[in-house]
Structure formats: structure tokens, C-alpha cells
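Written below as C-alpha cells is the structure these notes are about.
Chain naming follows the written order as A, B, C, D, E and F, and within any one chain the residues start at number 1.
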Amino acid sequence: MRIEHGWQPSEIERLVDIDKATASRLIFTDENLFRLELQRIFMRTWLYIGHESEIPNKGDYVTRKMGNDPVILVRDQAGRVRVLLNTCTHRATLVCRADAGNARGFTCPYHGWVFGSDGALVATAEDETYGGKVNFRNLDLRQARVGSYAGLVFATWNHDAPPLDEHLGDARWYLDIMFGHTPRGMTVLGLPHRWTPTNNWKLGPLNFAADGPHAVKVHGPIVDATLAGGNGARAMIHQALLQSPSVSAGPYNGIWTQGPQEMPEWMGHPPEMVALYEKTLNPAQVALFRRCIASVGTVFPNFSWVYGPVSFDMQADPITNFFAIRVWQPVAVNRTEIWNWFLVEEEAGEELKTRAMRAGVRTFTAGGTFDQDDSEAWHSIQRGSEGEMSSTVDVSFQVALNYRDRPIADWEGPGVAYPSNYCEVTEFNNLVQWRAFMTGAR
Amino acid sequence: MRIEHGWQPSEIERLVDIDKATASRLIFTDENLFRLELQRIFMRTWLYIGHESEIPNKGDYVTRKMGNDPVILVRDQAGRVRVLLNTCTHRATLVCRADAGNARGFTCPYHGWVFGSDGALVATAEDETYGGKVNFRNLDLRQARVGSYAGLVFATWNHDAPPLDEHLGDARWYLDIMFGHTPRGMTVLGLPHRWTPTNNWKLGPLNFAADGPHAVKVHGPIVDATLAGGNGARAMIHQALLQSPSVSAGPYNGIWTQGPQEMPEWMGHPPEMVALYEKTLNPAQVALFRRCIASVGTVFPNFSWVYGPVSFDMQADPITNFFAIRVWQPVAVNRTEIWNWFLVEEEAGEELKTRAMRAGVRTFTAGGTFDQDDSEAWHSIQRGSEGEMSSTVDVSFQVALNYRDRPIADWEGPGVAYPSNYCEVTEFNNLVQWRAFMTGAR
Amino acid sequence: MRIEHGWQPSEIERLVDIDKATASRLIFTDENLFRLELQRIFMRTWLYIGHESEIPNKGDYVTRKMGNDPVILVRDQAGRVRVLLNTCTHRATLVCRADAGNARGFTCPYHGWVFGSDGALVATAEDETYGGKVNFRNLDLRQARVGSYAGLVFATWNHDAPPLDEHLGDARWYLDIMFGHTPRGMTVLGLPHRWTPTNNWKLGPLNFAADGPHAVKVHGPIVDATLAGGNGARAMIHQALLQSPSVSAGPYNGIWTQGPQEMPEWMGHPPEMVALYEKTLNPAQVALFRRCIASVGTVFPNFSWVYGPVSFDMQADPITNFFAIRVWQPVAVNRTEIWNWFLVEEEAGEELKTRAMRAGVRTFTAGGTFDQDDSEAWHSIQRGSEGEMSSTVDVSFQVALNYRDRPIADWEGPGVAYPSNYCEVTEFNNLVQWRAFMTGAR
Amino acid sequence: MTTEAARRVIDDALYRRVCEFYYDEADLLSQRQMGQWFALLAEDIHYRVGFPEFYEHGTQRKVGIGNPYFDDDHTSLKVRVHLLGNPTTTTAESPPSIYNYFVTNIRARWAEQPGGEIEVDSRLLVYRVRASEPVPYILGARRKDRLRAVDDGFRIARRDAAIDQAIIQAPNLSFLL
Amino acid sequence: MTTEAARRVIDDALYRRVCEFYYDEADLLSQRQMGQWFALLAEDIHYRVGFPEFYEHGTQRKVGIGNPYFDDDHTSLKVRVHLLGNPTTTTAESPPSIYNYFVTNIRARWAEQPGGEIEVDSRLLVYRVRASEPVPYILGARRKDRLRAVDDGFRIARRDAAIDQAIIQAPNLSFLL
Amino acid sequence: MTTEAARRVIDDALYRRVCEFYYDEADLLSQRQMGQWFALLAEDIHYRVGFPEFYEHGTQRKVGIGNPYFDDDHTSLKVRVHLLGNPTTTTAESPPSIYNYFVTNIRARWAEQPGGEIEVDSRLLVYRVRASEPVPYILGARRKDRLRAVDDGFRIARRDAAIDQAIIQAPNLSFLL
């Protein structure tokens, strides 16, 4: 309301041209659109906040972001998970400046107001000075709606949003495969890595929604070096990507790249773990997971994951699966903060955990052999999109024109699947969701 | 006019809700409001420029800022104090890039135009080339209106503003206490310290207008360590702040914290100096000053001072009063330059001056034991205010609801006084003045 | 269209007051005007891209900028010079991130699309996935119109702009003197120096359009030290500037400072080179060039050159002419990238080339003895122009009032000449051209 | 100085050789002579780069087993070095970035355990400019190493580094510390 | 070299000990071991941190008696160290910031006056990241110190530092140089 | 170590004198004692400051004869030093900027050719604040020098420096490296 963003809904609608399967580059570069995104997307839908395993005990907290708002994810003294706006109701000071801690509550550094771990105002600087003129309950910390699915904690400021379960809808079947394939579920391996690519926040989610062909070009060398010990893996993955399913299901879009038939099943998974998976997932889920060599997906707007097997030396380094989840935090139209966690099954032994950690940090993080090259590509997109002339050229998802009317007929999971990770349909669907929120259709 | 700021006066009015004693956080974060402030406040009212003791001799000058305009404070060759816009009337070059100096005039570095210390154009690059077609008097440096009170030099671009004396009005009685308590007045101890907190410029003036309770929380540890030798000072100051007067008088708002009765009078003041004060001030002023353990005040918009006694070791370090004045320069909506001077009575001996300097630099400056913590709190306010959700939560001055109708009945000074430094009334009054300027009511 | 720039044509017209020969400082400081400039000037007129000698062979390329768009200047495999928009038609990635190279084509780092050196799309990630639904010719790299004059390559996105020859018009006679005074023309001495003054991009072109008097003030000391061995050169150049012609011819404005009669002709030019000049140029051109001690000019909007003789020690260092061309790239309203090349005649021997290079790098570059002081002056203009009060003071070209109606009657070259480098007419004409583009008159 | 502390002091000549080793190493890393750098590593190297977190005082909570930015051995470093050292196998470093490695505060002493290993502690400032981004990235770091003396110099047997940013102010870390 | 200059040269072993002292001190300051750092100070220490101003040439006007950023003695440093070293007594440094202290250009010589004091000149680059601000603050400084040799090392008897910013580009200086 | 390499090693005392020379030089340059700095130069000095470019791998195209940022001899440096050292002959440095020169990674060895010249390699971080711009400019550089020993110290006979920015992030380079 305060800022005249200068964008009419009809104009926003045209930014993503559904017929042509193209989009304007302005969605990555226009500052007013960025401000609108904060209002129309980040204030209106469910956002991923953290994993329950990050705050196992009462009083455990971690600080996070929802769009450009700082929040605290805390397990209160009653054991309930809460998401509190991290700003004092007195004069707006951050009540917590740590990344993580355990506390009975939060004491504001400015005048010492005390809030409980449930966000309730416990004491002002001097309660008597109010002379009873103020209802202190109005000065509790603001709280977001909180929902949790498969250990994943989401929150939203929008009290009109559907419940989390309904919001996730068909996506849950796929979240189950990744986050609920053992009885006790996943656990994080540490606090998140954070780094700051110099590109619009949407490039990451789009890539993870998921971009098959870039893997051959950008990651071909590291795929060759880590997936098959330096020989032929790039050609194998090229074919696998061409022939594997891409899925749109509710707010979720992603790929499930399948290794070739001659490749062993459950690569990198110890038999005792596999037994747990087969017991926990249903057969269709197992069928999708057991030969999966890359599961990459995005839940709109800014939550993604990436999973797959690697070995840095087929002789010396047993194949291990990395599994990273990440949030793409919007910082500015051309600046994003990536928050990146590594996960492993709660049931995994210490040795498997350590191997999973190493597989993760060597691949998908700021210094990871995969991510370091993606970030350069994304930066180059931002630089390539900012010019006046460049703004007149649309970005293309036109492979979708060839696939979107030909979904996989006998797909056993919910949602819609397309027969190639090169299809560009699921990536584009992610933008179609963006368009719906930005025009107010959702 | 050139920038569509998008703010209607009625909307600005609502930003500070007088009934509720609250204000929108947007006043600290909205870039358009910041631009409006430069126009509606900094172009329209009297601004503090410097102290006369900084330019004792003819030709002495220092460079300063008025809002975002660079100016030169100079004592011209005739001895008159002038404030010149530091930008060449030829092509806008800064005619002076030094912080301080002594000069007969200013020679522009670009084409060598020469201006006198009174701002008059003395020579262009080649006067003859104009062929008499231009009136050189129109090309003198622009000058601001200048006024001086108690050694404090103010200036304004607004020729419709009331004279400085009228503008200060009731504030003068309090300025007299601080800046005119000896026959020769105050003198600066050196050129200003300058540093750049990452918060809106108004947070400082508000705090100094003055925020009693924060002293207990933020400064409790250093108060304990410096005011009573490590023991019980925090509790003492807590009670003192609760029970001491806060004053609004014209553009001035501030506190006069009174030490308890059992505390000696004139702490840190040598008897020979006290004799001067008692001779110079009137009895009501003396009464307010003699047991004052904290005088903190703001003259709207961005001039403040802080004064009080400290000792870093009750055994080894005699109690001494620090006295700092400062200007909160608006640099960007979330960035401020603090200019901070230390002062002492002109009549003070060298040893007292040195002690005053040390008391000052150890407490109220970038590395000062008080300021370093304030700046972190203010930064945290800025960070806490910028989010979309956070913007919907107002900042509270609601203790004022309990005090604003109950001023001290028998207050002997001008203006209105309230019986507690916790009252939040004077802080809020500072914002009410802001609202008046921003809506054009002033 | 997307950004409401808030500037009406009539308001823009008033920014440059032709009657008064003044201009508003907002042209250097207003962010919306800066955005308009990118659209109305940099998208609509011919821009200098590079010199043919930078890409002598097939496949040679260098990367450049047109306004805020990245482009590639390449000599394609057929030998044709092309200017390609450096952004992939798939997803906007820079297809080339090097400063220079030689390549058969450009492979996008993201999905590996391959473009020929002529910009044609050669291969997508997997052509078959499009199923023939897309015309790949629409996905060739975007190309600018290209023109070349005297080795200087220009380009424009505007298909309605007049051809380059027509656009340059009368300027060509002067470009011939500088860039075509030998049969084989000029050649660059290396890749460009690039640095980033913190001022509006127009200050450089204006200065080079050309500002006579600043040379005496800013460069007096280095002129004294380099032009006449430390003695009296400043006084000499002062007189020369006062009495030498300034020229406006089409998009060109500049000065041709003539040494005094007693000074030898062709200073710093070896006789064998002079013979080439006299054979190549016409007599009127030779007459202007032979005693020229400073040729400084700008071709609107952002291409300039500077030329002149120097010696760092009249005993030990033979007089040599430096010759630099530069482009003032707009980066932000208060930030410019200078791209600066040194040139020499293709026919020059190695020793002359080395001397020309040294004369160049010691004078006109980031660390040059001339430029380092200009940049400080320009920075000081930007700092002096940004304030609210400062914005109300216009910049002055009022010497023009005395000269603009008195051109040199018997001028032998095309365009209009004025009898003094102090006249300010040609500088102001550069702004008049700016006004024409910005109001849409051109 | 205690006897133990005295025993661990290395003599000036060796100290100077250690310093030279670090300056030489800085050359290799900053000029991306990755293969030559790899030759400086012991085969049992453990290479680790951790990062700081801001914890509430008194509650440095342990979340999971911990995940540094780098946790490499000879095998995985070989892959990294291969990719980074070859312009055709890296997007991030092709064209190669400009790097300058400033090594300061070098302290060396014999390791507590006998066996001729040297503990070295140093501070590192990395200055980096990428082809696509002209503004330099400046990263502070500290390194605790274990060097093993060999005939032609030293081998790095262990590196425990920590970067000085909790939120890395760059799009990637396509270099080694 | 004059005889006096020669007399003031300190030998290599002592120079190396001085350098180690500075690197050790950098550890203490950057890891906020304030109490241990305080133990390095002589009781009569005068600790001063000045700042530059830009004066018109020829007119370095003296305004007042001058006011450096820090002007401390043992007593006031004790208070500073107490506050900064304890998370419950500082807002600015709780959670503690990340610091890295790069010490370079160390030169040492015997002081002119006899008595065994050493003059040390060094440059210091401070790299700092606060919990609430991920962009690092990088501050240059120079220090002129007087060290006094004692049994277990040195004591700092005087520190005359100067920071390299006329307008400090940070919200505060909640650290010591 | 080969015999040739061994022959080129300089002893510790000389190395320390070389380091001191660089620290003294840093003082002169950073405090703009330009005349004194000039006195450190050999009369046949060749002073050169190059810059990096980002070339496509395999095609480091040579364009022209090349043009470094500085290519000076004794004569032209005399002019530069004269202008920069005098507030009335420079706009850029009047008032003078604040400079700090951090010199690290110093390595020295005897030059290959006999004749007593020393090759020195170092890294330089320049920290600069101008009167009109409070935000510091931080520039990395590397220097390869040739020193000549003379009675009262050394003379710089050759300096081959390179700055670490392809696009200089400052309005000018009104200082010497």
C-alpha cells in the first residue's frame, strides 16, 4: 500500500505467457515485483521454517526468516513448536540475535522486556508505570500459524490460507518418500550452511523444479568424477535424465531420475536401512525410490531438496547418498540467501551419518562440487538479464510445448508426471504458481 | 516534486497515532518518508552546525552537513560566522574537501573560481570571457541563515522560519544550564568523532529525548562499574530514573535525572567551578543541575546531548562529568552518521579538561562503554522493523498514556515536566514534532 | 513502461535551459532520469563498441557493454564484424564471461546451447525434445546494427536510427584527423584500462566536449612538469586555450588547442610519420593538426578522445604524443565505468609505439597524472550535487552567452567553431543533444 | 617457559622454511596450480573448513553431528583439484578468478606427540575477483595445520581451517584455503 | 648505520619472540580472552587510539586539547575488559562477534632511553562480523607500542594506535586494538 | 634442494633486513614521504604495474604491445613523486588520503645472475580512505622486485607489480605500489 509498485494485475499476468511457455526476464530483475513478491507470496503462503530435529528439547530455538521478517522457531516450555516474530512489541528490537540456543524465554536487549518461550509478555521494564492503562496481552510477540509434516515445520502469517495438509495435498506422497521413509524419519546433521548468491531467489527453486539438462552441461565433469569413477557417467546420466519422470503435484514440482536397469538398486543404502524403507513406504513409492539416482524438487515458493548417490573414488569411497534441503531466502531482487541443511535417517549409524555428511558437503553447498558451478550460472543469468535490451527477450521453457499434453498415462503417484527430465513442464509449472499468487488468483 | 513519494498528508498523520501513543515502524524504514524528511524537516527548520569554539579565529572553518547538503562553517575575515553551501556555483564541485582549516577563502579545485571567506565570488576562471553578460553576485556561494545561542551555532535554509531565539523558545532555559553555566561558556575538546550506525537517524534523538528505562537494561553493567565503584549503582539509578523529571520545552525534550538525597551535590565538579555555576545560573536552574546525575536531551530534529558523572575506579579515578553533544546526520533510511563532540567549561584547568576528555571518550563515543551497546540495540531495531509482517506492528510509547495528563504541578522551569524518566511522554513528543513537520503543520 | 519515472517531457525540457545556458544538477543525481537515459539515449543512438584492431582475426572477440546490456564484439568466421547480445535466448545466461578470446562460437555454460560466432543457434541441449514445435531461428542471439568508421565500430539497437555515416555527419571530418591520418589508420596498444569513478557518466563527456579552463587549474602542475620541462608551460597553455577553436559538428564537440607560433610544428611526430599525415589528410585538416597541442572531443553520448604531446623530462624523454579513446559507461546515477584505450598509428615502429604507450599510461588513465585529478574533481561534483539545497542551484555554462552568437567566420572545417576553448558553447551543446534525446525530440 | 614448551620451540631456520612453505603454497593456490598444490598433501590428509555460529551464551547447542564446509581426504581432494585445475571441468573458475592469499601471524612449534610433526597456526586473508563480478570478495580465515617434514620440504598432514563468516557473502567457495 | 641505530637493533631471536607475542596477543583479542589479554598489560599502561582528520594543507588547526577514540589506563581498561569479556555485561558482544586480527609489518628496536624497553611498530587489519550483521567490517590500524621484557614474556607499557578511518564505517568499536 | 637453489638462499640476517626495508618503504609510501621513497630507487629503475584480464582458456589473445597501468622510469617517477608529494600540485591528494600498506608473504633470494642483486616477491594490501569518500578502498597486489644492496641499505632496481582488479573499483590510482 505504501509503495506504488506500478504493476497492474493484467500486466503481471502477461509476465508469464502460458501459451508460449515463456516468461519475461523482468521477473528476475524488477525491484517492484520483488517487493510485491514479499507481500503476495511470502506473506500469503506456507513457508518452510526448519526441521523438528533442530529443536528436540523444550526451550530449544533457532532463528530463521520468513521473507524479510526475522522469526524464532522454538519448542516452548510446554513442548509446543512455535514460530514467533523476532521483534519486540515495545520498540521493534530483535529480542534474539543468536542463531541458536536454549532459553526459558527471550529478554529484549533494549529495555529488558521479558517474553516467555511461548511469546507471551512476562514483564515490561516496569509494569507499574503503565498504571493499568494497557492490555499486556496485546503486546505478546506476534505468532505465525505453524504446521508440521514429516518433521518439516512450515508457518504462515495468512490466517486464510488452507491448513498445511490441504496446502501440501498431493505433494505429501512425494515428501513421504524423501522425509518419511523410515519409522523415525530424518534428522539434520548440523546447523545450516548459509551463503549468498547474487541472483534472484527464484532461479534456485526453478532449477530444482527441476532442470534436467543443466546437469549434463554444468555438472558433467563432477558426475563423471563421482558417479561412476570417472568413466561414462555423464553419458549414462544424460540418457537417464532424458527418460525419467518429472512430476507436478500440488505445490511440488520435481524429478525422479532413474538409473538404468543394469545399475544396482538402492545404491549406497545399507541393507538394514533398505529393510526399513520397504516396510515404511508403499510399493509405488518404493518403486520410484529404489533406483532413484537423483531426486530434486521444489515446494513452492522457496523450499527445495536434492538427493543422490556419489562416490569420490569407486575403489576407496563407498557410494553414499547425499541429501540436502534448502530454502532460498529473498534478500533483494538480485541477492538471495541460501540456507542448506544435510539430513540422514534418524536410524542411521554414526558411520553412515558421517559418510552422508561428507557426501553432502562435498557436493551441495557453497564449496560443493555441484553448487559452486550452479551459482556461477545463476549469477550469469542475473547479469545477463538486467539490461534494457535484454529485458525484451523472454526466457524459454518451450520444450514444455512438446510435453505438456503428453503426461505419463499410467503414473502410479498423485499429480501429473511427464516422461522426461528435459521436459521443462515442471519448471514452468513452478512459474505458473508464481503467477497465480502474484495476480492474486491465489 | 521530482520524486513521487506516494505519501498523502493524511496517511503521514496516521503514522504517529497521538491517541494511542504509538507509531508505525515505517517511519524508520520507508525510503520515501526519508526523502520527505530531508525536504520537510531538514530544509525547513534550524539545524545545529557547530560550536563557536571550533572556529575561534578569522578564517577558521570546519565542514559540516545540513541534511544531505555539505556546508562550511566559517568565521569570515570580518569575524562574522557564516554557513556556506559547499558547492561551486559554476559546476557544483565541493569548494572545500578538508574537515577543518583556516583560509582567506575557498578556491574551487575544478576551474579555480575563488570565493571569499564570506562566500562572495572573487574571481572566475577568466572574468573577461563573460563579456559582462553575467552578474557575478548571482554566483556567490549560497548562504544559510545563521543563529547562535550559548555558543551553539544553528543554521537553516528556510527564510520563513522564526528567528532562532523564538524557535528555541522555552528550550533556552535548559540550554543555559548545559551550555551557559559559566561566564565564558563551554568549549569543545577536539574535532568531532564520527561513526555510522546502521539505523534510522531518528532512533538516536528519540533515545536522547530521553529513554530512561533502557539505561537500566543496556547500561546497567557499565553503570555498576563506573558510577558507584561496582556496587549497587544500577539499583540506585533505576530508582532515580523512575522518580526524576522529564521535560518538554519547545523543540527540546529530555531528562534530568536526580541523584538520591544522600548523594553529594555537584559530584565531580571542583568547588571553584561550582562557584561559577552558582553565580551564572538562577536558583531554579542550580537546583536542577546540582544533583543531576544524567542530563540527556534532544532539540528537534537531530541535536542531542548527554552529561553525567563517572569514575572508572572509585579509589583511583576521581569522579568526573562527561559532556557530549551530537548530531544525528541522516545518510540513508537505515544509515546515520553520528557527529560527537566533547565539551568542558572554558574556565576549566588543563587537568580538569583532560579528565573530562577521558570521561567522555570512555563512555559516549563509538568505542564508549555506553554507546557501543546502544548502537547494537538500534541496529537490532532497524533489522527488526524492515520486514513485511513487522511493518504491521506499531512501536509503543504507551507509558505516556499514564503520564501525559499528570505533569509536575509545581515545576519551576518553562515547558512541561513529567515525574518519571520512564514516562515515555517526552520521547513521544519528539515524534509529535516530527509529525507536525512532515504533515506540513509546521 | 514498467517503471514510473515520474518525469514529463516538459519538465525534462526545462532541465537544460537553453536561454540561460544553465542546467539543473538533477541531471547528474536523479535516479529516474538515469533509467530514462538508458532507454532514451543508450537504446536509441549509435554507441562505440571497440576498434577493429582489437579483433583482427576470424573468431576474435572482446566483450563490451551497450548501456547496461552486455554484448560481444566478434569477427565471425566469415570475417564480418558483429555485435551480439551476450545473453542466452534460452534462460538469459551470459554465453561468454571472458574479456577477450578467439572462438568458433559460444557455448552457454548453463545447458550447453551452442551459438555460432555469427550468433546463430547451432544446437540446443537436445534438439529432439522440442519435437519441431519451435523455430530455432527465433532463438538466435540478438544482434545489434553495426557500423564502422575509420576503424571505430559503433552499434545500435535502434532500427530507425539513421545509418552510421549519416549519424556522424560533419563529425567525420574531425574523426578523420584523429583516426584516419595515415593510410592504415590507428591501432590499439592493448586491451582497455577500466576504472570506476563515483560520478554521473555525463561529467566525463562534458569535460571532453571540451573544458578548456579546467586544464589550467587541475592540470597546471603536470602541464608545467611535462609540456615545457617545468617552466612556464601553464601560462603558455592558458593563452593557447583562451585563443584556440572549439568545434561543434554533428554529434561531436571538442577543442583543437593550438600551440603558439614560436612552438615547432608536429611536436613529437617523427618526420616519416608526418609525411604520411600530409599525404592522407587534406590541407585544412593538416593545418588544424600540425600545431595541435590538445585535441579533446566527445561524440555524443559517451565516446571521447584526448590527444597531445608530453615529455617527462625535456632532456631525457623525447616529446611524444599520447592518444587515448574512452567510453564512459553508465553504471548507476553516481557511478561510471571508464573504458580507456591507447592508440598509435598502425605504421608506427616499435619504439614509437612503446613511447606512445608510456606517454599514454603516464597521463590519461586511472593512475595517469592528468586523470587522477579530474576524477577527484568529478567525484566532488557528485558529492556537491546530491543535497536538497544543492539541487536548487543550476550548473553554469554562461560563458556561452558571450560566445555562441560569435562563431569563427572563416572556419574551414564543417560544423561551427568558436574562438576560445574557454567558450563553454561546445560543452553546453553536448547537453543540448542530451535534452533532444531525453525529450524525444530525437 | 616450561621444559615442555621449550622442547616444542622450533629453531629460526626451520621457522623461516615453514614460512616460505606457506608463501609458496599461497602462490600455488592463488595461481591455481592445483596439481602442484596437491603434491604438498600427505596421503592421509584430513582437510576440514568449519564455520562459526552465533550461539546464545551458555548454550552452544550441538545440532546433529556437525557439518563443516569442507571435510575432505586425499581421494576427494584429488577430485576437487582435478576439476578446479582444468578450465574445461569448471564453470565457476573458467575464466579463472583472480586470487591473492595473504598469510600472516604464522606460528610453528613441534607437535606434542613426538615424531617430527610441526603444528602451524596462521591467519589467511583471501582476496578474490571473479570474471563476472568486479567487486572483490575478501574472506578472513584461520588455519591450524600439521606439517610433516620430508626430504624436499613439508607435507600437509592435517588442516583445520575456519572461515570468518557465518553467512558467506559470496555465491560460492570455488577455491581452497 | 649509525652507532646509535646499531645499538638499537634487536637480535633475531628476540625479534621472533616479539612477533610471537603479537600473534599470541592477536589470538587473545580475536577470541575475546579479555582477561588473559589484560594480564599482558603493564600497570602503568597508557592505551590510546587516535584518528585521522583531513586538514587543509598548511593549517593543521588544533581544536581543543584533542580527543582520541580511546585514552585508557590500567584502571579503565580493567572495566572495559570486564564488560567485554562477559556475555552478560555486554549487549554489543553477546553473542560475541567473529574477529580476525592480521598483524603485519612488525618492526622492533630497543627504545632510545636505556632500560630495556622495546619499541614496536606494526600494522593491524581487523576483520569483524557481528551476530546481527553478516557483512564484514574491515578496519586498518597502526600501532606504536612500548614493550617491557619480563620473566615470562613481555608487558605492554604503552600503545599508541591510530585507526585508518576518519568516519568510522561501523556502528561501534566494541573491541580493542 | 638443488645446488643452484641453495646458492640463491639468503641468510636470515639479510632476510630480516629485506623485510625491514619493505616495512620502512610501506611507511614512506603510506605516509606520503614521496621524496624519501624516491631516494630508495636505483637510477635505472623500471617500475611497472600490470593488471589481469579474463581470457577464454587457451586463447590469451595478445592485443597490441600491451599497456600496463604504470610503466615508469626514474625520470617519470620523479615527476609523479614531485606532484603527489606536494599538496599544491595535486588535487587528488590534497587533503592527503589515509593509506595503510600491509606487506606480507615476503620471499627473497639471490638473483640468478651473479652481481649481488636480490629478488623479492611480496603481497601488498593497500587500504585507502580519501578525504571526500569515507568508505575505504582495499586493493590487493603482488610485487616482484629486484633489490640492489648499497652501503646504507637497498635500492629498488626493478618493480614488476600487478593489481588484483580487472576493473579498478576506485576513481583513480593516485598512489604508488
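Everything that follows uses one rule, which is that a contact is a pair of C-beta atoms (placed from the backbone, for glycine too) under 8 Å apart; a residue touches a chain by one contact, two chains touch by 3 or more.
No experiment lies behind these values; they were computed from the predicted model shown.
Peer 1: So which chains count as neighbours of both chain A and chain B?
Peer 2: C, E
Peer 1: How many angstrom between the C-alpha centroids of chain F and chain C?
Peer 2: About 31 Å separates the centre of chain C from that of chain F.
Peer 1: Taking each chain's centre as the mean position of its Cα atoms, how many Å separate chain C from chain D?
Peer 2: Spacing between the chain centres: roughly 46 Å.
Peer 1: For chain D and chain E, let me know how many angstrom lie between their CA-based centres, rounded off.
Peer 2: About 27 Å separates the centre of chain D from that of chain E.
Peer 1: Give the residues of chain E touching no fewer than two other chains, as numbers and ranges.
Peer 2: Within chain E, residues 12, 54-56, 88, 91, 95, 102, 104, 125, 131-132, 134, 138, 166-167, 169 contact more than one other chain.
Peer 1: Multi-chain contacts in chain C: which residues touch at least two other chains?
Peer 2: 4, 94, 97-99, 109, 196, 218, 373, 376-377, 380, 383
Peer 1: Which word fits the touch map of the chains here: line, ring, star, complete or other?
Peer 2: Graph shape here is other: it fits none of the named patterns.
Peer 1: Under the stated touch criterion, can you name all the chain pairs that qualify?
Peer 2: Touching chain pairs, listed by label, are A-B, A-C, A-D, A-E, B-C, B-E, B-F, C-D, C-F, D-E, D-F, E-F.
Peer 1: Taking the touch rule as given, give the residues of chain C at its contact with chain F in the complex, in rising order.
Peer 2: Interface residues on chain C, with respect to chain F: 53-54, 60, 96-103, 187-191, 193-199, 218, 221-222, 225-226, 312-313, 316-317, 337, 342, 350, 353-354, 357-358, 360-362, 365-367, 369, 371-373, 375-380, 383.
Peer 1: Flag every residue of chain C that touches chain D in the complex, lowest number first.
Peer 2: Residues of chain C touching chain D: 94, 97-99, 109, 196.
Peer 1: Given the complex with chain C, which residues does chain F contribute to the contact?
Peer 2: These residues of chain F touch chain C: 49, 51, 53-56, 59, 61, 63-72, 75-76, 78-80, 82-83, 88-92, 130, 132-133, 166-174.
Peer 1: Show me the residue ranges of chain E that touch chain F in the complex, using the header's touch definition.
Peer 2: That would be residues 1, 12, 15, 52, 54-58, 102, 104-107, 121, 123, 125, 138, 140-142, 164-167, 169 of chain E.
Peer 1: Looking at the complex, which residues from chain F come into contact with chain B?
Peer 2: 91, 95, 131-132, 134
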